[in-house]
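Here the chain labels run A, B, C, D and E in written order, and each chain numbers its own residues starting at 1.
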């Protein structure tokens, strides 16, 4: 058997205790290599700097570019029995398929990105437009990430959610204006979720487009809440994938690991400690209602409401706009 | 051929050519490529350079890098000289300790230090709390954090030790008797500084300036985490183009343009400093 | 030393240590949040840190990588400075320009390109690659520092040594080297610092090695916890001790070297 | 600056009282009292390491005395920084600014002062005075040792201070150039009414130029007097030995009559002028200066002696002759064969009996 | 090293031929020929900036001649680095190693050589020779100027080279100490059979110590000879003027008879020994050394003159007297009142008629 596999992933997805069950069951050690950014992961694969990773972690909405770049190995889904328990939304997604119709990545962990806010200061539940409201000048923050920030601005200026990731050049120009107008209202753009947690904790920011992490971290210490804007909730989803260059002898173990990520052990530990849900329904019914609510699996329709951030065709134009906004 | 001192340049040059120029050559090549579907296509295309040439944002950020490098250099020079000169006055036995004390702050990881600054400068932070406590201000000073001021302050902080170190080692070489001679001839300490110590330490100042300029023009984390909405940098843009946008040709072109610009400014700066009346005679001696 | 000099040093130390004091204070603060007001004293963060042997490993890795970087930067910088100040060096200008390149090149771009070349020629990423790349980046800094001292060196002393029978090498060891000591130890420290602080190069070239900077960066993506502060305080203390020890050791060595040669 | 007061009573410019300076365990200056009257030319003489430079450095303000009092114009000097003292120095080590040309070195103090309109002309004049006008554009390292020293002199005189300290300012110069510069310095001193404190190892220079000569020994002052007195009535055997090429013969005083005494020495009894305070029975030293011995004299004492050494020195030949275990040195116009027997006359009236130094 | 060959014919140690050295536009050494026999004590004399240090630096190997040939032991020196030349130098600027104690400075060359067992003892002996044995643990900056110079001397002699170059090695020392060290140096030279090339501004020192004196002027050699010849038969008016305190009186030769000539000068006609090559009708210079003038002499020529200056210099007083527009300098035992009329006798047979320097 393979003595060790290296899993490149987010530290929140891969605490050492999340994988002990796998190690016990297979005798293979899982070495964690934490990502510093999605882009760094892609660049590492692209430059060959990732040759020592055995399993990688593309996000659902970026999987396509890994596939197009030929960085991933086509997967034999028959080797992952737990796929059977996967929620349909994830089963159905086309984003993990190549032009050849083969599947290259398996979604395994998901969540939603709410607005986290100080409920003592925002007496009304914020919407995306709150993030553009001069009343809160100097207390707001956006993520330094073109895809989500531009889509939010689009929603704010009234573009319907179906088209939020499919903007025309004219619409992009409008969005850009809104984002530039928003700049003076912002305290800062946040870079990482730890960063934002700190900003909220220190009172610098009272409402921001966020992940759930600050809420979990701060809810016992100050009045914070999560808002899931009606205009459209941004979801996220991380995938399992195997680099195209993985040596033959490790592939079997990699499949076993994929199956583990969709299995019960991983799902229950991460639900318990990290407040995340996997893409598998395997343990959902065994969870308490409170826990179900906490990880958003109490009402599965939430998945229908998700806006899956998706790199648009004219993504480079988006990036340009975003860079122009930041440099403005 | 017998060995000569100048031949020591050879291994160093080889290291730089192999480790730095060769990779740069790769970038030059990339800058003429095309990208299609996340794939680099070798094509002799001027697309990236054309885009760069017409991009206001890119040049704005390159200019900002230069400006940031220069202002940090100026601030660290102004603060660095008194500290470096004070260090030369320490007893020889205290100097080893001094170098450790001076450099230790830099051993802390940058990220952790950045968060320490947030605590110091934040709206509910140390400075504001103290100022409010003693009644000097009513409202917290918001500009302390997430502003160009913050970037300037922290870049100065991050680079001050390098500048001090460079000026210091250079100032140690200034014969104290020359300062005495200047004082004897009527120079106040400030005159002795400007007319004797400064010219004789220009090599150190040049070394420090290059260091600080290079480091601060290339800073990414501090501006982006402490600069608020004014924290955009050319470095971050290069990263963004490489990673997020996967526009390697444009990223390469921008990186090369940035390098060339910084290079020009740095050479001009070094040239200027070393051409100062005094430095030339000093250096001519070698 | 005069009163003015002393006050300058005190103010400077105050400025340089302000953030450090803050993070030390918060490493003992009884709250997971790094925000005022302070809530109480605790050693929990240190206890937590003690249980996390990853950090210790990361620190050791970083430290072990930083040492050769410091030494290499110092040695290469010394060679470069000697060449730059050598009499009759025709390529001086060109060489100086060459030395500027690693100084100014954006590091992320450089390391990406380096990584590509390495993977092309089959050079494995990891500690060695990281050490080489970081040394290259630190080299111009070291060179600048050492050269600044070298150009002001009184050439008559070298003449005196040669006159007394010293070969160029012996004159270098016995006369120049001892007087370059502050610059050399400065160059070494700069190399160590640039290595410890580096995140960018490590991201692309560290391979399977995990230096502390990478661990901190990835830890911090999730949340900022005071155990990071505690870790930093420990790192500081450890580094200070190690630096002091190595400083003492290096001085001895230099002295011994000089007296043996 | 050009206009100077007429001297009334030659008032004191500088007064040092019980000044002490130690470096670690070694005492460089050990409690000296020194007065420099206005317009005086005072020379410090003494063996290498006796504290001359240290005295100058305290006057200039580079060393702080460990004890004692220093006043300039009756104002305490303590705490007055060097640039506020109307004092300039020619440093023993020159201390030329390596990054400035000769012109800029010399112009240094004028440019500092600002508002001096004729800097170039004054620099030219100062350089002319030291015969260095052709070297204005050179850097110090492009000059010979003596040329550097002359620039150092020019640099210090251009500011026309009230007190000029010169630490062996002409030591690197040939006799001819030294002669020229001695004249220039003396003229400058007279013209501007500057006081000089001058250190030299050239005794002829000291005697030729000085109003007051101060002989130092191990951080103390052995004698302060005008050159004639120093030469002919040395305060003790240290001064007698240090100055000139005297032969010193130890003896015991037989009897004293007024200002003369008879001393019993290996050479026999000699009657000569005697230092104050010496009485019959005291051990004392007879000082025989070389010019008091001659082969064809008319003096009282005559010694039969044998030539043991004869060294040609240009103008004269220095001869050493042995008698009764004493080596007598004197100058002759022509060399003498070693081993020759000669009779030597001593002009005892001009010799001197002094005390034995501690 | 201790064992030396007996001198056969005093063979040449160093030979310099047509050696030239320029710095930029200025020519420091302008084609000199210089021979240093083994065991010789050769002194370079000359005005400040005439090229003495440059000559030493070429011998030591720090400057490369622009033209000419240099040989040591008949082997070309070109390309031989300083450390491979059996030559040591006492530098005009001392060049002590600031980071080494006095002991370590002095021990430098022995430690380099390695395998020397009695380093400490030899260091001690060298320091004793310069009276610096008590200062072994000090650093150079803790020493006075003269002390530093003595360490520089000790450092260079300890290696016992074949040729020692001394660039004003005693200039910072008082007369007494200088006397001691002159004796030490001379003894060392004799004991080890070292050759010395010595630069000094002290002419008495030069005459007393040297076998050969070389007078330089503006990069050229004006005269090379033994001290007596240099002094009494200067090759030209430059040497005559530079050496001693002679009065030079220009005139035209009336007639020449063998080795003497009669010269027509403002003082009148004087008959004196004459330099080779001067003939009747030539412009020439009469050289009157101070010791040839006296107020109570028996010489042939007598001049009525007026005292214009009288300077006490210790052993003697230098008097200047004017006659027929000429300033005559001579030494007297006692001062003379300025303005006094005196008669001066000239010992014309010992004066000299020489050519006028270019």
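Going forward, a contact is a pair of C-beta atoms (placed from the backbone, for glycine too) under 8 Å apart; a residue touches a chain by one contact, two chains touch by 3 or more.
Remember, predicted model here, so these are calculated numbers, not experimental data.
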Steps in the shortest chain-to-chain touch route ending at chain B and beginning at chain A: 1
Dominant chain pairing [most C-beta pairs in contact]: B-C
Chain whose Cα centroid lies at the greatest distance from that of chain E: A
Furthest chain, CA centroid comparison against chain D: A
CA centroid of chain A to CA centroid of chain D, Å: 91
Where chain D and chain E are represented by their mean Cα positions, the distance between them in whole Å: 23
Approximate Å spacing (C-alpha centroids) for the pair chain C, chain D: 56
Chain E, residues touching no fewer than two other chains: 93
In chain C, residues with contacts to at least two other chains: 34-36, 112, 116, 168, 199, 217, 220, 224
Multi-chain contact sites of chain B, meaning residues that touch two or more partners: 115, 118-119, 122, 124-125, 200, 239, 242, 282, 285
Every chain pair meeting the contact rule: A-B, A-C, B-C, B-D, C-E, D-E
Chain B partner contacts - residues on chain D that touch it in the complex: 60-62, 81-83, 87-89, 91, 93, 95-100, 108-109, 112-113, 139, 141, 155-156, 159
Residues on chain B engaged by chain A in the complex (per definition of touch): 37-39, 57, 60-61, 64, 115, 118-119, 122-125, 142, 145-146, 224-225, 227-229, 231-232, 237, 239-247
Chain C - residues contacting chain B, complex: 1-2, 4-6, 8-9, 12-13, 15-20, 22-23, 26, 34-36, 76, 79-80, 82-89, 91, 95, 97-110, 112-114, 116-117, 132-133, 136, 139-141, 144-145, 147-153, 155, 168, 182-183, 185-186, 189-190, 193, 196-197, 199-200, 212-213, 216-217, 220, 224, 228-229, 231-232, 235-236, 239-240, 243-244, 247, 251
Residue ranges of chain C in contact with chain E within the complex: 154, 156-157, 159-168, 170-171, 174-175, 178-179, 259
Residue ranges of chain E in contact with chain D within the complex: 23, 45-49, 52-53, 92-93, 142-147, 149-150, 167-168, 171-178, 201-204, 207-208, 227-228, 231, 241-245, 289-291, 311-316, 318, 331, 333
